[in-house]
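Chains here go by letter, A, B and C, matching the order in which they are written, and residues are numbered from 1 within each.
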Amino acid sequence: MSILEIRNLTKTFGAVRVSKEISLTVGARQCHALIGPNGAGKTTLIHQISGVLTPDAGAVLLDGTDITALPMWRRAQAGLGRTFQISSTLHSFSVLENVALAAQAKAGSSMRFFRPAATEAALNRQAEAVLDRVGLLRRARILAGDLSHGERRLLELAIALAGAPKVLLLDEPMAGLGRVESERLTDILAELRREIPMLLIEHDMDAIFRLADTVAVLVEGAVVARGTPDEVRADPVARAAYLGEESA
Amino acid sequence: MRDRSLLVAGGIFALLLIAPGVLDATGQAYLTGLLMKAMLLAIAAMALDLLVGQGGMISLGHSAFVGIGAYVLAIGLAAGIENILVLLAIALAVAGSFALVTGALALRTSGVYFLMITLAFGQMAYFTLTSLAAYGGDDGLTLWSLATLFGSNVAQNAGHIYLVILAVLVATWWLVHRIGQSRFGRVLRAARDNPERAAVMGFSVFRYRLTAYVIAGMIASVAGLLTAQQNEFVSPALATWQHSGDLLVILVVGGLGSRNGALLGALFIVAAQEALGAVLPEWRLIYGPLLVGVVLFAKGGLNSLLAPGTAGPGR
Amino acid sequence: MSFTLFLIQCLNGLQYGTMLFLIAAGLTLVFGVMGFINLAHGVQYMVGAYLAFAYLHLTGSFWIAALLSMVTALVFGLALEFLVFRHLYGRDHLDQVLATFGIILFLNELAKVIFGPATLSIPVPELLSGSIPLTAELRYPVYRLATIGAGIAVAGLLYIVVSHTRVGMLIRAGATTPQMVSALGVNIERLFMIVFGVGAMLAGFAGVIAAPIFAIEPGMGDNILIVAFVVIIIGGIGSIRGAFLAGLLVGLIDTLGRSLATMATASVFPPSMADQIGPALASMLIYILMAAILIFRPKGLLPAKGAA
């Protein structure tokens, strides 16, 4: 049973086709990686799945339901979680409040005007549990704007997790991280992938080989190769298009 | 920090409570009128702060709602409705509907468009009021009868309108800050800081902003209704865009998005205008450049002087 | 309404529309290129009118007065840019609103102090006084026709400059992708000054040509500023062609609306009510048009090209 299915997604900017009939499925307990050179259209694809951009043709299905026409927030409500390539946290909120707010989105109506949200123990407990999971709990009280870059990457993930997503879109979660931080985040994701299916965009090949069961290679908006990490590594087309570039 | 801003607010409210007695005793009763003016401005400005400070939506059409509240009172009285609570309910309904429709249109866009569109709809309300020939048109209308609270004159100048205004002020203060800390307020601030993030979390930014716009409009209409009742006069001048500009000035001078910014700003601006006016009839010659100077050189507003650290948005 | 009256109202609408265009053009460029919201643009229109009044009394010639007014309006605009506005480009919109609001309060008061609160007027220049017959029974003032012509001429000139010159290319690029312009290594500050100066001069020009037909009074720029905003929203921010089309549309609808609305409502409501509803409805028309545009074409009728 596929959790996330993308059918023939096509998008054009002016004369440039940034997505050419891209199809892929992410099943339960699966981590599907998407690699490709810069400008291949990876983030554009994530934007179309999460609703930042509307595709010209094709469909996005979540749990069998067509969500192609839904606005971003409805997709999130339906269980689509995502992280951003460039950290997008709420700087004037505390770390805890960032995550509690994400939990709040899934915990009944937020059209509540009187009770102070900061005193909602259930939300705070959920947020603390998620923060503990990504190793940020001791930083819960400080402002998100004061976090280090690496910590902000973790918060980014924590916010997505707090929304209890059915599937996670991870847009270069390791971007800008050092080796130690990358390995730590890979450990966390390795544990998570047993519960939440993921679509992972990443340049860090070590992480890809540890996490992904399927890898698709995207070049100029089209999938040129697909298979297990080992198959893709051996694929001449993929090597020429992408891996070759890495070793060069 | 929080306690300090509570203390400031409590102190101001206490001073406002005893002010009429003190002023009466010292023969300066005319100042009571100024205090009422400042309190009414503060109510409207607090509502605007919900939009601008908490929501990051700069509205230049807020005074339209003040005008609506005032004219509901005038027209309601002319139609024979005397109970102030009934008039209040009508004002809330009319202002709420106007906010719902114009807000939904203005929020189809954001940023500067929002500012221009609220300005335009505000102007529309203003011109509509000036064209009400039966209710004075351009010149406005003197209210020969006033609203009563089940027949009592408590909410009139002859009664205790000062206390009524003060009570509404305190209630508004409490309500706005309660909203700021609620689930709703949290989403509103998140949408201000990063609307895309709020949407990806699963919040419809549009709905929350529109709700805030409606609430702010309704509160402003209460200020308008009380203004008419206190002045015993209504005029379209209440709804001019310059009046909206004044409300923004109050917020920025007081400290945007802070607990007491609107309150301090309103008291300060009314006092400053009065003082400048006493020195120079053409006081705007000083006031205008002063405003430019404040924007260019001063930041944080009065609130950051009285309660440092609380000026940050929504803290 | 007779056909003749209708024609006259159409011409009046066109005349109002071209003037709105002159004001909106500067506003939309300044906003489009610099992202700067200038509420004080309306007072530059007022300044133009008062300058025309003052110079006419000094020189006795409308034409010299008009020329001097435009030069002064340009210098005045550049001075404002240098003293205040350039410090506000990077700031948030609220700061821009408040500072320009302060300038409005100051200049309106200053006009009142110098020229008094009463409305002033200047005579139509002799060369353009009188009226010409358009049809058998329709005569129309030459001056008003001339202002329509002047407005259209400026529109054409502006269009050529914006679409066929290097400065125009930079303005268009700046309106859609400001990063691109700075990346090209263009002196962005000078571009801003040029755009701002031209905008101020256009508003001043509108004030000059308005002086002989409308009342010169403190605050005369405030209401027209808001109508100019409506024009920009309808036309599309940053778009000169949009400002022109929307200016004419708003001018016509507003002018015709005011004369037709009472009559139109009288056919639906009893006369006493129509007298009430008609004017109210007329004053709302352009805002209703704006609302409709926002629903059906949120980016305006002719959005600046390249805006994604």
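Following the convention adopted for this analysis, contacts are C-beta pairs under 8 Å (C-beta built on N, C-alpha and C of every residue); 3 or more make two chains touch, one makes a residue touch a chain.
Predicted model only: the values in this text are computed from it and were never measured.
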Treating chain B as absent and keeping all other coordinates fixed, how do the remaining chains group by touch? A | C
What chain sits nearest the middle when you go by CA atom centres? B
Note, CA centroid farthest from chain C's centroid sits on chain A
Distance between chain centroids, defined by C-alpha means - chain B, chain C (Å): 31
Between chain A and chain C, what's the gap in Å when you average each chain's C-alpha atoms? 49
Report the inter-centroid distance (CA atoms only) between chain A and chain B in whole Å. 43
In the complex, go through chain A and note every residue touching chain B. 50-52, 71-74, 76-77, 82, 84, 88-93, 97, 101-102, 104-106, 109-118, 120, 159, 163
Give every residue of chain B touching chain A within the complex, in rising order. 178-179, 181-187, 189-190, 193-194, 196-205, 208, 211, 312-314
Which residues, counting only chain B, touch chain C once they are in their complex? 52, 58, 60, 105-106, 108-109, 111-113, 115-117, 119-121, 123-124, 127-128, 130-134, 241-242, 245, 248-249, 252, 256, 282, 284-285, 287-292, 294-296
Chain C residues touching chain B in their complex are 31, 35, 37, 39, 84, 87-88, 91, 93-95, 97-99, 101-110, 112-113, 222-223, 226, 229-230, 232-233, 237, 275-276, 279-280, 282-284, 287, 290-291, 294-295, 298
